[in-house]
Structures are given as structure tokens and as C-alpha cells.
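In what follows, chain A forms one complex with chain B and a second complex with chain C.
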Partner chain A sequence: MGFSSFFIFALRVILISHFLWTFPPWEYPIARAEGTRLIISGSSTMAPLVSEIGKRFETLHPGNRVDVQTGGSSRGIADAVTGLADIGMASRALKPQEAHLFGSVIAYDGITIILHRDNPVKFLTDVQIRDMYTGTITNWKTVGGNDAPTLVVNKAEGRSTLELFLHFFNLQNRDIHAHVVIGDNEQGIKTVAGNPHAIGYVSIGTAQYDATHGIPIRLLPLQHIPATIETVRKGTFPLSRPLTLVTNSPPAGLIKTFIDFAQSSQSHDLILKQYFAPLQEG
Partner chain B sequence: MISSSSNISPHSKRDDLLSGSVRFLALTAGGLLLLVIAFLFYESWPALHHIGLTRFFSDPDWYPTDNSYRLTSMVWGTIFASTGAVLLASPLAILSALFCHFYAPPLLSRWFRRMVELLAGIPSVVFGFWGLVVLVPMIGHWHPPGPSLLAGILILAFMIMPTIMLVAHTSIAHVPLAYIHSASALGFSRWSMMWHVILPTTKVGIFTGILLGLARALGETMAVLMVCGNVVQTPSRLFDPIRTLTANIALEMGYALGDHRAALFMSGLFLMGLVVLFVSMAEGLRHRNTYVATK
Partner chain C sequence: MSRQSNHVQEYCLTVIIWTAATMVSIPFIWLMGDLLWNGWSHLSFNFVFSAPLNAGREGGIGPILISTLLLVGVCMGVAVPMGMGTALFLSEYTRHDHVLGRLIRGSLDVLAGVPSIVFGLFGNALFCQVLGFGFSILSGGLTLACMVLPILIRTVEESFRVISREQRLSAAALGLSKSTTIRTILLPAAIPGLLVGGILGLGRAIAETAALIFTSGYVDRMPESLMDSGRSLAVHIYDLSMNVAGGNPHAYATALVLVSLLFMINLSSSWIASRWTLSNQLPT
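Coming up: the complex of A and B.
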């Protein structure tokens, strides 16, 4: 092995870095959007579903690519505004200050309280949940459970699940007295599954999937309405949210085709498989 | 310093090529650090500009979406968790290295070392998952709530113990045999030989191991994120949940925009500062009290 081959290697490194410097990867999506590629970014709750829908869309419309990136609902909306993404995903309704954007709901999801399966508590009133999260109730005995201290699981800042939860219970994040702060739904479910005295809130879709696959958690009803896909679909479950595809201008061309496809009955089975509630009876 | 012209071997073009490319690569390696720091400064500039450095210390708490950016409790969380882990892991690691070299029968010693090497290779997520499923419920049973500074210290100690032990063991194995023979000839007991001969001569190596361990503990993200609870508060007891700077970045970066995002880069900068502080402190200590072993 000669040193010249090593030198050539070093040269290659320089050339590649030069190329990356001239055409930085973070500028690629803009270039792609002009072709037959759809860039979709945003909510981590929606990303698995939308990428499944995207895969089916690609097989039905050959030659088109659907790229799904996650980063939270706020990122999805910001990317749709700046044009960094063709479609943004937001797992909440558009806010009044976002009214200039165009939202298309593709499914509904609910957020519910989860407890460990061994916790004897079967129902909590809104006030009790509120008191547990603010630290007024610190023992399960108070709400008819075992004599054990509560373990309050809260979400990290910036997640739309947190926003919705706070809004529903009329709380500020500062009021919450949490013992654990978690990132995604799965981490929350693992935390609750590992501690019989924990209380947490997660997306019904993820929780129901895990509960039916042997994870020891229980979904609590909210205001006496059971947390299931059916109640979310009927619109009777109190804490639910629309899964929205957001665009900067009225959907047209390939973007419109994709949104129509996601809303149509052709993707109902994919939505149900992810334990979300599709728009119409499918 | 030896220059190549005074070497005995004839001057060759390949030498030039080698020295050129080696110099270039070394420069790149060093330059990377500067690039990283420059990038951190660049990305956290909006935070420095809009929020100002002092507010990272003087704000009442960390609610970035509510325009409140105090980082100090997370700095303390990082310091407590990593120094706690180092204080717990180092004696264990050094003692097990001594055991492995001087007490264990060869077969056991070989298997012990192999096991520790394996332990060093376990990914941090696996440690974190084990901590979340086994350790945290155990601590929760003993002293609620469970996710705590203690859990973080224990997990980090498990993770850095093998690194410190392996480096210590290697440097112990490199102690010149003559030292050990002389100590025996002087009638040293095994313990005083280790205490007065082995440990002083291997101090630099052991210190390097501890430094590597400390750096890993400071930078560890996933395992700490899973077991520490991530509540932003300055811990007053071992059983309080904490959030480290790394966990803060990992938890919120994917969802942060604008000043919030810049504030997270600021926590990266704080972490970098902590690492620099610890490393320079350790360097100072190392130069102050080492005997240089002359061979």
C-alpha cells in the first residue's frame, strides 16, 4: 500500500467536503419540491401514519416520492409557511393566528389518562386529575386507591399533546408539579408500565395499541366516556384533536391528490391500524 | 525535536507526502473542535442577542415557551450526576483492576477482563432501558418517586466503570517488572507494594481513565434521559428527579423553534464549557502531583 493512495483518499475527503459546502444538504428539500417529490414534515404523532399513506400513494402513483420528516407540529406549520415542506403535519387544530393557512383533517386522535394495570383506581374526575397534576392530591388513597404516593408524568415543552392537555384542564405548565418529564408517547407508556403508582397522559392510538399488546397499562375514561377509537370517531370523547395536513396555499396538483388520497376511504385501514379514527365510516 | 533531514535513512519523496498528509489530518482533527465551538456560538447567537447571557442565570425557571430560560439547575444536575458517578465508579474500578492483576488466578482474571470489556461495549440505550425497567421501580419502591439523581448516578457509574477499569488495568500491567521485584526484595507486603509503588507509578494512566469516564458521564444523553425524571429543578436530595443539559437538548430540540432552539444550543455551549472546565481542572491536578516514572 503506497502513501499516494492515502493521499488520494485525503484528496477525496477534501473534494467531498467541498461539494457538501457548495451544495449543503439542508438546501436539498427546496430543490426537490420542484420535481415529483412531496416533502412532508411535522407532528411525530402523525409521521408513522402519513409515511404509511405515502408508501401506498407511491405504489398507486409511480414516479412520485413522498418524504416524511418529524419535528413536532410547530415545526410542521413553520415548514409549510416557509415552503421548506410542501405539506406540514399538525396534530392539533389550526390556531386563530394561523388562519391564513389551509388545513385538511385526515383523522382524529384522542388524549387520555393512563394508569398501571395493577392500580385499582378505575375512574378519575376532571377535578381529581387537575389536583393530581398540580400536587394538591399526592396520595392515591385520596381518590380511593392504595396508600401510595402518586408519580405524575408530564410531557416536555413544545409538544402539542402537552398544549392540549393544559388547555383542556385549564392549567399553566408552571402549575404542574411533575415527578417525571417524558418525550414521546412510548417513553410515557414505559414509565407508567414500570410504576404501579404513576399517572400519565398519552395519545389514545399509541396507548390502545400497547395495551392490547400486553403492556400493563389501563386507559381511563374521561368524563365517563371510555377512551376508544369509536368515541373519538363519534366526536363524543372530550379530549380529542384533529390530525391536520397544512399547506401554505390552497392545495393543488400533486399536493391536492395526496391530501384527497389521505382523506379517502383508501387509507382508512392504515388509519385504523395506527389506532386513529378516520373521518367517515370506512 | 528530530527533523527528517538529520535522520540516518535517506530522504524520500514519500516522507514528504506522509508528513504533509499527516499534518493535514492532524490539523483537521484539531480544527473540528474549533468548528464545533464556532457552530455552537453561531446557533446560540440569537439567544445571546435576544435573551442575553445573564438571563440564563437570573430567570426564575426554565419555561422556554413562556420566555423563561434559567439553565443553572440543569448545570447542577449535570455536575451532580457525573461527579457522583465518577466518585462511585473510580474506587470500584481501581480496586477491581488491582484484583484482576494481583489477586485473581489467571483464568479468572482473563474472563473478568473479558466481561468488563463486554460491559464497556453495551450501548447506552440498553443501560437506560434496564434502568427504566429495573432500577427506577426498585428505587421507587424504596423511596418514591423513583426516577432520580440516584438512578442517574448509578446508571452512569455502571457505564463508566468498565472504561476506568480497563485503562487502569492496562497501565498497571505496564508497570516495569523491576519495580515489583524491588518491592518484593525490600520485603514490602502486597498491599504496601500496591499502595506505595503501583498506584503512584500508574497515577497518570488511572487519571486518564477517570477523565475519559467523566467525559462520557457528562455527555451521556439517552440513559440519563430515561432514568433521571427530567424535571427541571436543583436537586436537594439524592431522590429528587433532575434534568441534565444533554437530556434538555434531546427532549426539546425536535420541537423547538426560534429563541427556544437557540436557548437549547446555549445549553450545548454550557455543556461544552463544563467539559472544558473539568478537563482543565483535571490537567492541572495531574501535573501537580505525579511522580514521573523514569525507566
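Coming up: the complex of A and C.
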């Protein structure tokens, strides 16, 4: 056996034993003994927040685990109904046909119109916004801006931000003449930040964070009420949505403990850190 | 005159070809430069090995890296033996125009073109719900295996096919059994092809988002078993850049880790390939 083949052999032994020592198969069973596990699924807006609340909940209630999955509000409600998830997440209020479900609001999120920072327009009335989205106003000159065509950014079908926006402005999605259709909040902000003539609508918390961190966007007030986390929290901002935890039956046991914890003042700092507005009094 | 125009023609062609080649490499250089520029300063030992905090804006990617390696491990552990078996079946145990072989080949070609979100929904329905694995690394790894198998099988099958007929006939003339022929002649000769197929599959698996968000899930805790839900690097990058305000810096750093991982896999497999072919070509 030459030196180099001995060296390779030794290297293999070291690598394999190191691997076995780091991930010993006898300590790595296929199935772990089941503890109590809460499965939560739904809204991608809420998923980062509820994950953080879940982590704090786990440290306070050892032995229990909170698994958060994402996929959108509609899926959260569907999973809560079929029982695939213990709790569903919906970033909107329950609809009348969902009245048999039990919703618990844990925080609020406001939606506002955003423009590029270089756009001179500082205020738009509800009618002007509506006309821009339906294609009646197609130039910024009409609302006191530069002579440039508007670029309308709309949300994709199935997003609760879209539903809330349509409901507030009394529109149908087919009425909207959109130039760009986007999915998530950050994508909307990136689109508007990249185009001085764009108009879009996104979650206030996300927009406020990005605007204060140098992204060139401006949040427009709605009905003269400034778009901030504070006005959403006070309930004065007209266009806001509740972040709701949904269950199929009245919350009980660990599910109730978790929902109570998420609503309590113990998770207020986490809600603020994700740029949402907590309930007024814990 | 015609010599002159010939000259111009040659010159134009050279310029066009050089331009095309340069333009192809620009996106790659741009991408790597962008990743390094935005991600390098956030990359550290702590980032790679610690747990994420505040929805990934702080902390690191330790558990996510482990989940990704486990996912890829499950995927390759299932896909490689099954892929080799099927490729051997297609190239050695059936004639090229055999009905079953044609059926398998046809369905593999269709599967190779199916978008990954469809594999995700399929994996969610079969592994998570029908088989009851739930959101778990096992479900995710098996879904990835389904996705990787078509590419793997077709590449390996090709590398078996290019082995010359003379080699097989010589083996038969020497009275070697089918299993001995496969073990001593076909497999060593097909190793480079196998590695190429493996790398293509691995690359597709490790960069996957859509198929995993519905199968292995979103949980960023350190996995304790294969039945735990685990977030992959690609899902983490997607979530940070799309759902988390202020998540961009760590999304870049995570992307840098993912790309480095791919580089390491590529380098080590080409190293293995060169060693293997050297040690097997000559009798020792």
C-alpha cells in the first residue's frame, strides 16, 4: 500500500467517523416520539409573525411545539376546516359564508397607496385612486403631477390585500386596468421603487419600514389620514385588515392557550417588530 | 473585390461570435458580483451555524442548512438506487423498442418537463396526506426524488448506451455473467455519466422552492428527525425577499451560501470522477 492510497484511506475513515459522531444514526430515529404539536398554516403575510410568536410560546411551554406553514389565507381557512391544521391564518376578516368558523384577531395591518419618492403628487382622493385603477385617468398631469403615463400595479388573484382594496374602492377585479400584477408586498415595493410613474398598494408596516430604510417610495395618506402603524392601531386609518387566527371549533386546550398568548401583551413587541399594529390593550 | 468582401464577412462573423460568447458570460458575472457585493459582508461563521432570529433578519441559517442537507440526502438516497436500477433495466434488460421500455421512457420525458409546483401539489397529496408523513423532511425529500428521477435515469441510461457493443460481446465471450458484466464493465464506464446525472439532479433539488413549500414546509427550527418540518435554503431566500421587510441582506448572504454549496458539490464530484476513471482504467 503506497503512501497516497494510505492517506486517502485514512481520510475516508476520518470523514466517515466524523460524520457518524456528528449525526449518530442511533440518535437519529426516523420517527420521533410525539409531543404536543400545534400545526398552523395560511397567510404568507402572517407566517413570519406567527413563527416568532410560536418560538416564544415554545420557550414558555416546554414540550410543546408550534409548526407554522404558509401558502395564503385561502389555504389557511381550508386547512382549518379540513383539520390539516389546528389553526388557520387569514390576513382578512372572516366572510359571511365562513361564519361557522371561529376567528380571533391578534393584530391589524393597514394597506396604503405608495408612489415613487420623486413623484410630486402628495395626495390623491378616493375617486382619483379609483379612476387611476379603472383606467379613466392615465396621465399624472390630470392629478397635478408630471406629464407622464401612469403605471398601475395590482395584486394577484387570491391575495387578501387585493380583496380588501377592491372592497374599499367598490371595484371588481375585471374593472382594473393593471400594467403590472404582483404577488407579495416586497415585490410591490420593489416595482414602485423601480419606476417613478408607478402607483401601487401594499401593507403599511412593510412600506413604512422600507421608506425609512432608504427605499425611494412615499406612503400617501388616505382620506387625509396619514398612513402609519399608529393610525392603524388607533383604528382611524380607513383601509385596514385584521390578522386573524381561525379555528374550526371554539378554541380549547393548548389551541386556546396559544391564541390567548398571541393576543396578550406578551407578544406585542414581536408584532411591532414585524411592522404590524397590535390590539390596543393587551 | 470579392477577396475584400470575403475578408469583411470573416471579420463580421468573428465579431458576432465573440459578442455572443461575451454576452452569455455577462449574466453569470453580474449575478455572482451582485451576490458577493450584497451578501459577503453578512457572511460569517456565526451566520452559517446559528439559528435565525426575528423572522430571519437577525441570527443565521444553521437549522436551515441542516434541513437542506437532510432533504438532499433523502432525495439522493432514494433517487440514485432507483434511478440506476431503472436505467439498467432500460438499457440492459430490454430491447430499445420494447413496449414497457418505450412506455417508461415516454413517461419520464413528460415528467422531466412538469413544473415543480405540480410536483409540490402531488407530493403534498401523496406523501403528506395519503401516506400521512405530514409536513416533513421525509415528504420533501421523496417529492424531490420524484422530480430528480427523470433527469437522472435518462442521463445514466445514455451513459450505459454509449458503451460499445464490442465490450459487451467480449464480456459475453469470456463467459462473464450479466451481473459481473454490469459490476466490472458497465458501472465503472458509466461513472462519469452517473455523476453528471447526479449533479444535474442535485442542482435541481437543492435550488427548489415551489415543490418544497407544500411538502417539507416552513419551520426554521433545528430538525430532530426526518418527520420534522424543515425549511430549505431556497424557501428561506424566497421568504426573506418576498415576505420579510428588511430581509434582503440576509437573503443575499443565504443565496451566497447556496451557490457556494453548489460549487463545492460540483468540484468534489469532478474530483471523484477523475480519480475513479484513473484507478479503474488500468489493472493494478
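List of remarks:
Following the convention adopted for this analysis, the second predicted complex is superposed on the first by the 245 of 282 C-alpha atoms of A that agree within 3 Å, B and C clash if a C-alpha of one lies under 4 Å from a C-alpha of the other, contacts with A are read in each partner's own complex, and residues count from 1 in each chain.
Simple rule for what comes next: a residue touches a chain if its C-beta (ideal position, glycine included) is under 8 Å from a C-beta of that chain, and two chains touch if they have at least 3 such contacts.
Only a predicted model underlies this, so the values are computations on that prediction, with no experimental measurement involved.
Model built by superposing both complexes on chain A: chain B and chain C clash. Look at A:60: by the touch rule set out above, it reaches neither chain B nor chain C. By the touch criterion stated above, A:72 is placed in contact with chain B alone, chain C being left untouched.
With both structures placed on the common chain, the touch criterion links A:185 to chain C but leaves chain B unconnected. In the superposition on chain A, A:44 makes contact with both chain B and chain C. Once the two complexes are laid over each other on the shared chain, residue contacts for A:127 go to neither chain B nor chain C. Of the two partner chains placed by superposition, only chain C is touched by A:273; chain B is not. In the superposed three-chain arrangement, chain B is struck by just one stretch of chain C from 44-52, 80-88 or 224-232, namely 80-88. Residues 44, 70-71, 183, 187 of chain A touch chain B in one complex and chain C in the other. Every residue of chain A that touches chain B in the complex is listed here, in rising order: 2-4, 6-7, 10, 44, 70-72, 74-75, 78, 148-149, 151, 156-159, 172-174, 178-183, 187, 190-191, 194-195, 197. Remark: chain C residues 54-56, 129, 134-135, 138, 213-214, 217-221, 224-229, 239, 241-247 touch chain A in the complex.
Residues of chain B touching chain A in their complex: 14, 17-18, 20-21, 24-25, 61, 63-66, 132-133, 136-137, 140, 144-147, 225-226, 229-232, 241, 243, 250-252, 254-257, 260. Those residues of chain A that touch chain C in the complex are listed here as 28-32, 39, 44-45, 47-49, 51-52, 55, 65, 67-71, 84, 183-187, 205-206, 209-210, 213, 273-275.
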